Every structure is written in C-alpha cells, then in structure tokens.
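Look for chain A in each of the two complexes below; its partner is chain B in the first and chain C in the second.
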Partner chain A sequence: MQRIDVHPTHTHGKFKLRRGNPAPFGATFVPGGVNFSIFSSHATSCTLVLFEKHAPKPFGEIPFPDEFRIGNVYSMIVFDLDYENIEYGYRMDGPNNFQEGHWFDKNKVLLDPYAKIIGGRDVWGTPPDWDDMYHHRARIAFDDFDWEDDRPLEIAPEDQIIYEMHVRSFTKHQSSAIKESHRGTFAGIRDKIPYLKELGVNAIELMPVYEFDEFENSRPNPTTGETLYNYWGYSTVGFFSPKAGYAATGKFGMQVDELKAMVKELHKNGIEVILDVVFNHTAEGNERGPTISFRGIDNKTYYMLTPEGYYYNFSGCGNTLNCNNPIVRGIVLDCLRYWASEYHIDGFRFDLASILGRDPWGAPLSNPPLLETLAFDPILAKCKLIAEAWDAGGLYQVGSFPAYGRWGEWNGKYRDAIRKFLKADTTVGEMAQRLQGSPDLYEGAGRAPATSINFITAHDGFTLMDMVSYNGKHNEANGENNNDGSNDNDSWNCGWEGETDNEYINALRHRQIKNAIALLMVSQGVPMMLMGDEMGRTKYGNNNTYCHDNELNWLNWDLLKQNNDIFQFTKNCINFRKAHPVLRNTWHFQNRDYVGSGYADISWHGTQAWNADWSEDAKAIAFMLCGKHAKGGTVEDNYIYVATNVYWDALWFEIPQLPPGLQWHVFANTAMASPEDSWTPGSEPVLQDQYGMLVGDRSTVILVGK
Partner chain B sequence: MALDLTLTVENEIAKITLAGELDGSNAADFKTKIEEAAAAEPQKLVLYMNDLEFMASAGLRVLVFSKQKMGAGVDVYVVGADEMIIETIEKTGLHHSLIIQETFA
Partner chain C sequence: MEINIKKKDDLQIATIQGDIDSSVASEVTETIVPLVTENAKIILDMTGVEYMSSAGLRILLSTYRQATAKEAQLILVGLSEDIKDTMSVTGFLDFFTVSDSIDDAKKQLEG
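Then we have the complex of A and B:
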C-alpha cells in the first residue's frame, strides 16, 4: 500500500508543508521531507528560516501555522528540501520584558538547541563575519556512519586509567610529527593512538568538544598583541554538535563522521572516550552576552533568573542553566542519550556538576531529579558518570555528591592531600585514606573505590612539572595582572622558581614527579592523569591557560626525548597497575584477613614493619597489599609493598616478611636513576636484603612479592 | 557544477566513472547510478575517480550508501581518487568499508 503521509497538506509560497511530529525535537528526516520541531512555552509565534549554506540572507521563511502547534511545541514537515545544502534557524516572537525574564526578538535568527551539526565556525580560528545575521547555523545530520561491530567498551570502572586531554593541544604543535592538515584535530588524535597504547591508558577524557565559539570574549594580548581566545571551550553553543574547528574535515561539514571515526578507532584499540560536558551555563553569557539560542527561545525556562530578571551566576560565567526545570532536564537527558547511542561515547565528566543539583532559585536539592534521572537512565546505564563535585557558587560536594550508586567524583581531596604529602605537609593518616580509595568519603554511603577519580593535576591548575617547579602562579600572559587562576596550588619549586640548569634541583623535580605518578598508580580508585605529565610538560608556571592558542597549551612532543625517564617510568607504572588486580579492587579494604592467607587485605607499616607511625609529624608511610585478597579474594595476585619517604634524608625501612617461598622484588625505586627506577612486569630484580632497605630522601619504593 | 557519470557492467563487475565535481546538487544522480549498478547484482563495484576534481560531503554520503546498498559481500573500490579525496575518506573512517586503489586491474 502506498503511504499517504508523504503528501503535503499545506503550502507557503513555493514550500510544501505538512503538520509535523512534535517528537523528537530538532530536525529529522521523514519520508520526502524534514521534520522541524522546537519548544517554547512563552513564544507567541515561530518562523522557520532557511538558508543555503553560507548564504548571508535566507531563501525562505515559513511561519508555523497555528494548527501546527501542539502544546508548547511547534512542528512542521517541509518537503523537497535540498538537505545537503541548507542551514536553518528560527525566529520567535513574544514578550520582551527584562523583569519578567522574556527576551523575545523576532529580528534575531536563533539556533536550534537540538542542532546536530553547526556551521559558521567551520575552521578553527577563522575570524567570523561580525555582520552575519546568523553566526552559528544549524544543519541537518545523517546517521549513516558505518560502525561495523563497534560498541562502547564498558571497561570496569576500577580498571580505567584516564588521560585528560584537549583535542587541539594534543597534536597542534609541529613536533607532533603528523600531517599538517591533521594537527589539532580529531584525525590527529587518531594518528596518535599508537602513542596512547604504548603509554597504556585505556580512556581519554576530552575537554569540551561540543560546538563552542573560540571568539567568545577574544581579545588582543596586551603585551604581545596575539589574540587570546576562549581556547578551552567551557562555554557551549550547541549541546548536540561536535566542534567543527576540531575536525580536519570541518570545512566539508564532515565533523560528525570524523569524530565517530576517531571513537571507532580508539575502541578498536581498547581505549574509551569520555567527554567533558558543560551543562552549568551556555555561551550566551550574562545580560550583555549575545542572543544565540536559549535566550531568544525561552529565556525564563532555560536560565535561573533573579526576581529582578538578572541571571544567577553559580557558574562564574555569567549565566546558569536551569537544570532542574523539567524542560531543561529533558534536553540534558536527550543530549547524553544522543552522544551515548549515536557517537558510542563511554562516559561523561560533568563540569561544575554541583550546579546540576540546585533548584531554580539556586538552593541545593536533597534529591536532585536530574542527577537521579541520569543515574537510572536505561540508555546511559553503562556510561561512566563523573561529577566535578563543586561549583563556582561555593557548593563543595566531594564525598557527598548525590550518587544514586552511579556517580563518580573528581576527588579534589585526593589532589590536595597528595600534593601536600609530597612536600611533607600533610598527615600520613589522611594519605592512608586517599591511597585506599578514600573510604572515609565513600564507604559509609556504600560507594565503591572507583567512585574516586584520583588526580593530582588536571587542565585547571599546574602541570605536574610546574607543580614541582613553581611556588606561585605566573599567569601574566593572560593579561589579568596575575589575578586569575587558583592561589591554592600546594606546589613546591624544589629550591628555585622556574626553569634551572641546576642538576640537583632537576633531579629532585624528576623524583617528585615520579613519586606522584607512583602513588597515583598504586592508589585504589581510578587514576586520571593530565596530558603531557608523562613527559614533563610545562606551562611555565601559568595555572590557568584557558585563553592561549600557542605553546603554553600545545603539547611539545620533543619533551618525550628530553624527559624520556619520566615517560618510561609512567609507562611502567601503568603496566604495573594493569598487571595487578589487587590495585584495582571493586570494594574497600576491610583491614583484616577474610580469606585465611595469614595477612590482612591491607596492612600499614612505617620504618618498622607492622608499626606505622601515625603521628602528625611522621614523614614516611608504607603499606602492604595481600594478593590473595585481590578483588575481594576472587582473583590471585602477588603481594605488593609500597614505602614512601617524604623526609629530606634517607630512612631505613624494615620490610614485612612474605609467606615461605616468596621473595620481594623491586618494581620501582624513584631514588634510582633511569632506567633502574622502574621495571617492566616480570623483569623486576630480587631485592638483595629481604629484611630491609634504605629508601632515599623524598623517594618511593614499590616491591612485588612473588 | 557538472558531473559526468557512466555505468558499465561486465563479467559481474559494475564500473562507474565520475568526472567533474560531485556536490550536493548532483549527488542524487550518483546515488541513482549506484542503484542501477546494484540492480545488476554485480560481485564488485568499481568507482573510477581519476577525473573527479572535487567531492563534497554529499558525495561521501553516497559512498556510505553505496557500501550499504551493495551489501557486505560486494567489495566497493575507489580507484584513482586524488589525494584530497582519499584523505577525506580516511579522516571520516570510510576507508574501513571501501578498497582504495590507484588502478583497478
């Protein structure tokens, strides 16, 4: 039988139309045409605006007939569109009354919040035409990518090793030695998969890849005249669209396929993809910002507003998305479902996630519906959900983020404790908690060690090399008189501020870096490292490089040769973690022997075996993991002993004895020069004295008993 | 922009030659040609692109369509395409489904 729903029922000029389907929102293909659907609860009318690609003026404007609106949704099928070559937007009319929160202006062409491709910023850094009436242009996407047998990897959370990176920074530097046209793109990441594999990480976490505007607040550097950009991209223009400027094929409008091809290839190599997503605010900024989309579609629904009509600013970026409004919850859920199903994304890290738990007036909710919805969503069921469990409004929820058994957290307390410990500034008691996966924060609420995303460095703040090279931040290049960026860095310059030729200081810095990496990789929970820390990347003391499209952000691959000892050490530590399930437990230690091995699952030691010094001024701690308790006693592993001495002199450590027949072998000793600072699994030499060893000043030793 | 398309089927091999510029305005013609080729139920589909000067995203879409239309058992060859076209095919991951060659013997 011939379908009858492919026939137009209405016309508008040359356009043939039919009543549309309100769901799904956005532009979707239907037989013979395209279905356009958009929500607005306060608009009085809506017009679809059609452009040919890049054309300055529209070729058609189609008002939605009244009978095409169902509830608060305008929907319409337009037939016979050349969907390869069109861009579309909307005009909305309605009240324009600041105090009441309405910003309708039918003179503006608005971006569809559900746009799957956004044109207009096709090539990174190309200055836009400021006279363009419609900057960010919705296009229609196809879902015909050939995924073959690919699907999200579903690596167990505790087995993940995350590498946080910026798409452009990773390969933009000429030293990346890839094709020039691939540098700084998704294709460039694909070219570097062999490197990521060699390093051993099994998840990359991409700083924002949703379409953003690098020209948002762009300005000349007051000193050099160089353009400063919105480089990091924490300011979303479109939640459903990949950043065109991050695709080598963006100029062809093929960014969707290029990103999918990257995900598919990473999956083939056992590497997951986690997206850093920013739902706390949008690129429309405060009252003085541009009208791009939400503001002109339904300002009062999408944003949190004060009674006077101003924007609440819990994000520190001018506006706050009204995430616990049911409409906004809907778009967040639709968005994440889309990325999980259409792009096979493995997980999401939510920027300033505490905002997602606030009510429309900013008060923290005890049972935030958005967080609950995401936790129980069937499509997101296997995705990792990771919260940055604080916001710019002062809500700090590390250890108390509403998790519903699903959410992990960037563990800021882990970062702070390890940094302080490395410079002998924290108690060993707190260190013991952090090394165990922070049971003090998570165990009581029934949350597993993998809840804790352990990190020492991230994009925000010092790199690991800078953490051991600078006492203070040096952000002058940002042009804000060094007032931006965090002042709480818990860093130590090892005796000289910045770069030096002093061999002793440089050796100490390398040792401190290795101590940090070693502790990160033997901690329970999920290690996350920052791009380039494995090769001693520096940003010259700038701890807030959000605006630099230059060598402050671009990874210099020559460092791989220069600091090869750090790379080899990191690689060995990652392999060590992967080889030992006892480092990746699914549940917290019980501090007792529940398998009858004669050893507790974890035991604590000091310079004397079985006698840890928990005093406030203790500068050394050691612990032993019993391999027979690995993964709750379900897997057999070796014994592991870790001793760390943050004192400025070497200390003699007495070592706990192994069961008969087993011997301690040295996996790592950060006091040793490369290549004897670490060993590949299976090649670890036997420790000469099985009863004790000297642990050098500010050094860490890891032994494996087998 | 002009696109010349010719289709021949010999010995269960369908050959389509493309010359000119393949973009959104003529991609549908290319798609129709693929459908014609598929109707002949060939063992192989060979797309000669030596004289293709430009391919827009619409053309890449049709390449995706060609593989899906012909089915898993039929190899699709892209022959003689210039470097920029091959690069785009590679960057978007299509090279996993297509066989890219300089010549077809």
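Then we have the complex of A and C:
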C-alpha cells in the first residue's frame, strides 16, 4: 500500500510542496522529496532558498506557508529536487535590535545549523569569492554508509594510548610519501594506518574536523607575505559537517563517506577515533564577525549576551555559545549523537569545556545540565567524554570538573609537574601523585585513574623536542609580535636556544625526551602524546602555530630516520605499557598489600630501597609496582621498578629485592645509547647487579622483575 | 550518458558512456536493474565513464546488492584510476568485484 503523504498538497511556482515533519531538524530524505526543518524562537517568517551547486544566485525561494509552522519550527517537504546538485539556505525575518540581541536580516542567506555537508570551501586553500551571497552552503547528505560489522571499539579507558593529530599536518609534507592527492586528508591518515599500528597507539584524537573556514581572519604574514590561515580550525562553521578541505574527495562532496571509510578502517586495525569538538564558540566571532548561521537565525538563543547586547567572550574567540540554554543543549546533544551513531566516533574531547558548565549569564553552575545530559545519554553511553577543564574566562576545573562518573580531563597539572620535574624544578611529592594517576585530584571524588588524561605536550605549546630546545617561545612568524601563545612553558633548552650541532646538548635533549616518554608511559591514567613527538618533531620554538599552513605544522617524516632512536624508544615504551596491566590499573593504589604477596601494590624508594627522600630538594625518586596487584589483583603481572634521576650527576640506587626465584631485567635506561636504551618487551636482559645500579645524570631506568 | 547492452549466451555486457550522477540515476537504474535476474552474469564496462558522483556510486552499489541477493554476478570493468581512487577512499571499492578488462572479467565469471 502506498502512503498518501508521497503526494504534494501545495505548490509555490514550479515547486511541489507538502507540510513537513518538525523532527528531525535539518534536511532529510523522505519518499519523493526532502524534508526541511529549522527552528527560530524569535523569527517572524522563514524562506527556504535553493541554489544549484556553486551557482551565484538562487533558482528558487519558497516562503514557509504559515500553516507549515508548528511552535517555533518551520518544516516543509519539497518534492522532485535534484538532491545531489542543490545547496540550500534560509532567510529569516524578525526584529533587528542590537540591545535586544536580535540580528534578523532577511537579505542574508543563512546556513542550516544542522547541515550535514557544507560546500563553499570544497578544496583546502582555494580562495573564496568574497562577493558570494552565501559562503558556507548546506547540502544534503546520504546517511547510508555500509558499516558492515563495525561499531565503536569501546577500549577500556585505562588501556587507551592517545595520539593527538591534525588531519592536514599529519600527511601534508611531501616526505609522507603517499599519493599526492591524499596528502593532508582523511585518506592520507588511512594510508598511514600501518605506521600508527607500528607505533602502537590505539586511539587518534583529531584536532577539529567540523567544517571551518580556513580563510577566517586570513592575512599575509608581515615578513614573508605568505598567507596565514585559521589553520587549526578551532572555530566551527557547522557542527554536523566534516571539513570538506580535509577530504581528498571534498571536491566531489564525498567527505562524509571518506571520513566514515577512514574510521571504519582504523577500527578494523584496533584504533579508536576521538574528535576534538569546539562547542564554546562559533566562527561568527564578535559583533564585527560575519553572519553565517546562528546569528541570523536566533542570535539571542545561541549566544551569551551582555545586557547591552554584546557578546560575552569566555572563549577568547569573540563569542560564547549559550550552552546551557535548553535549545542549545539540544543541538549539542543532537550533534554528538549524530557523530557517535552515524560516524561511529569513539569519544570526544571538548575544547574549553568549562564554558559548557556556565549558565546563560556566564556564572559557573554546580550541576550543569548539559554536562549531566551528555554523561547520562544512552547513545553516548560508551563514548569517551574528555574535558579540557578550563576556559579563557578564568575558570580552571582540573580535578573539579562536574564529572557524573563519566568525564575525563586533560590533566594540565600532570603536564606542568612532569615538565618541571624534568628540569629538577618540582617536588618529588607532587611527581608521585602525577605518576599514580593523580589520586590527590580524583580519588576523593570517586573518579578512576583513567579520569586523568596524562600529557606532557599537546597542540597548544611546545613539541617535546622544542620543550628541551627552547627556554622561551619564538612566535614571530604568527605576526603578533611574539605576544600570542603561552609564556608558561616550563621548558629548558639544555644549554643552547634552538638547533645546535653540539653533540653533548643533542644527546641530552634526546635523553630528556626519552625521560618524558618513559614517565608518560609508566604513569597510571591515560597517556596522550602529540603527533611527531615520537620522531623529535620541531616547530622551531613556535608554541602557537594555529595559523601556519607550512612546515611549522606539517610533520616531516624524514625525522623518522634522523631521530630513529626516539621512535624506537617510544615504540618500546608503548609496547611495554601494553604488555603490563599493572601500568593500567582501573582503580587507585591503596599503598598496601591486599593480596598477600608480601609487597604493597605500590612502594616508594629513593637512592636507598624502601626509603624515599620526600624532601623539597630531592632530585630522584623510584617506585615499585607489585604485579600480583595488577588491576586490583585480578590479573597477574611482573614486578616493575622505575627510578628517575633529574640530578646533574649519576646516582647509585639500591634496588628493592624481589621474591625468591625472580630477577630484575632492564627494560629501559635512557642513559644508554640506542639501541640499548630500551628493549622489546620479553627480550629484556638480566640486570647484572641485582642489589643496585647507577642511574645516570638526568636519566630514567625501568626494570621488570620476572 | 548512454548505455548499450549486448547479450551473448548467458552473459550480458552493459557499456556505459558518460558521467553517472543523480541526474541520470533513474535512467541507469531502469536500464541496468532489469538485467539482474536469478544467476545472471553481468559485466558493466565503465571505460567510457569519466566521473561518478556520490549518487552514481550509490546507484551502482544498490544494483550490486540486488545482484548479490539474486545470486547474480556483477563485475565492473575499466574503472579509471581517478574513479578507482575515489571509490577506494570512500569505502565503495571494497564491495565490488573489479576487473581490468572484459576478458579477465569473463574468466572470473566462468571460474
């Protein structure tokens, strides 16, 4: 039997129409046509505007008949559209009163906030026609990808090893040695899956992949004349669309399938995909920014406004999305559900997430409804939710982010403590907390060690190589007189600012890098590393490369040969972590023996076994993990002993004794030259002296007792 | 776009000339789908296709699915490097049987 709603009931010129379905929002296929649905709390009328793909002028404008509006939602089915070759937008009429917060202007064509594909920036870096009446153009997507047996991997949080990367930067450099048309794209990441597998990471975290405008605020570099872009993309145009310029097939509008195919292939290889999502602000910027979508559709609903009608700027980027308005909460939830179900995304990292906990006037909420909703949502139930637990308005919530048992945090305190410790600048007491998954921050609140996303480097700030090569930032190329980027780098150049031929300094830098990687991979919690740190990537001291489409951001794969010792060491450390469940505990240490092994789950040592020096000026610390306590005593593992010496001279460490029949083996010693700085798990040589060892200056030794 | 069909014994060869996108979707569907009968052997010669849009790929995949359901065999021949690459990065290629030449396709069908 045929449904009667496949027949049009209304016409407008040549268009055949029917009353639409208010839900879902956006443009969706229905039998015979496309259902368009959009809401605005304050508009007085709405018109659907249809373009042929890339056409400068629309071929049709269809005002929504009054009877097609239900509540504040305009919905309409348009029949017989050539769905693949159209772009659509809306005109909204309504009050235009700055102080009231209303920006309606029916002369502007507006992007659907629910657009699943956005045209207009189809190929990365192709300069737009600035006179175009409609820059970011909604298109209609097929949500019919064949996932076969795939679904998100649901790797236990504590077992994750996250690799933070930027889609374009990862393979854009010619040294990536992949097909030219794949460089800098989702397809390029797929080509490099064998590399990611060899390295051993099991999750990639992609810097923003929602459609953004690389030409937002683009300008010439004052010195070189080179164009500076909105390169990183922390400025969303549309929350439901993948960045077309990141797809090799973006020019054909096939970015949706390309990204899904990449996710599917990564999943097949045991690698999860986490998206860095930016819900704190949009690309419309402040009062002087462009009208793209939200501002013209329902400014007062979407943005936090001062009583005078200006934008609050808790994001540092001009405006603040009004995340705890119930309508905006709805779109955030719809968005994440869409990515989780339609793209099989494994987790989300929320940029400046503390903004998501502010009320519409900016005050922090004790029980923020958006964060609670996301934490308890059934579709997102197995997704990792990771907060960057601070914002540009001064709210800092590391350790206190409203978590509902679900939210993890980028642990900024871990980063700061490890960096300071590596240059002998912090107390061993704080280090001990960070190595244990920061129980001082999380245990009291009932939050697991895996709450702590441990990182030493991320896209913001120095790379690991730069952290040991520069004392200060060198951001001149950003054209802001070196005023941008953080000044708190906790870095040490090892004796010379920048690149050098000095062998001693270079050896020390490699050692410091290995110390950092070793500590990261033996810390409880979730390690996250920055793309390229495994091969000594440098950004030449620039700690804020958000605007560069060049070698400051592009990963130079030749470094893999040049710094192969770092790569091999990293790979071994990742494998070591994977081989030892005692490094990936689900709950915090109890500092006691609760399985009857004769050893506490964790014990602390110094240059003397069983006698750690906790004094302020202590420069060495060691700990031992009892393998019989692995994962709360549920699995059996080896004993692990880690000694780290940040003093400028070698120190003799007395080693705790193992149960009879077991021997200490050397997994890693950063004082040794490659390849004897680390071993593949299982091949570790026996330690000659089972009672003590010399730990070199600024070095880390990891032993395994078996 | 044009489609020519030749039938030889139990084998049908459809030669497509021109771009495949949503504007020719119904024409392709109406011409190709009737070939898909129980146990049919079909070769789609795509040598003359320069571009296949997202809708074009979906038409083909949908046809391929119908063939599989009827235990018919369908092989794509003569895909250009560009089309093959697009199909590969978007995941479509995984679902099709592809051959370099009509002769190879015939052998595959016999085998």
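Operating definition for what follows: the second predicted complex is superposed on the first by the 706 of 706 C-alpha atoms of A that agree within 3 Å, B and C clash if a C-alpha of one lies under 4 Å from a C-alpha of the other, contacts with A are read in each partner's own complex, and residues count from 1 in each chain.
Note that a residue touches a chain if its C-beta (ideal position, glycine included) is under 8 Å from a C-beta of that chain, and two chains touch if they have at least 3 such contacts.
On a predicted model such as this, the values are computed, not experimentally measured, just so you know.
When both complexes are superposed on chain A, chain B and chain C clash.
With both structures placed on the common chain, the touch criterion links A:L356 to neither chain B nor chain C. In the superposed pair of complexes, A:S181 makes contact with chain B and with chain C alike.
Once chain A of one complex is fitted onto chain A of the other, the partner contacts of A:F252 extend to both chain B and chain C. Look at A:F142: by the touch rule set out above, it reaches both chain B and chain C.
When the two complexes are overlaid on their common chain A, residue A:C317 makes contact with neither chain B nor chain C. Residues 82, 84-85, 142, 144-146, 181-182, 186-187, 247-249, 252-254, 257-258, 260-261, 264-265 of chain A contact both chain B in one complex and chain C in the other.
By the touch rule above, chain B contacts chain A in their complex via residues 24-25, 27, 56-58, 60-61, 64-65, 67-68, 87-88, 90-94, 96-97.
Interface residues of chain C, counted against chain A in their complex, comprise 21-23, 53-55, 58, 61, 85-86, 89-92, 95.
By the touch criterion given at the top, residues 82-85, 142, 144-146, 179, 181-182, 185-187, 190, 247-249, 252-254, 257-258, 260-261, 264-265 of chain A touch chain C in their complex. On the side of chain A, the complex with chain B involves touching residues 82, 84-85, 142, 144-146, 148, 181-182, 186-187, 247-249, 252-254, 257-258, 260-261, 264-265.
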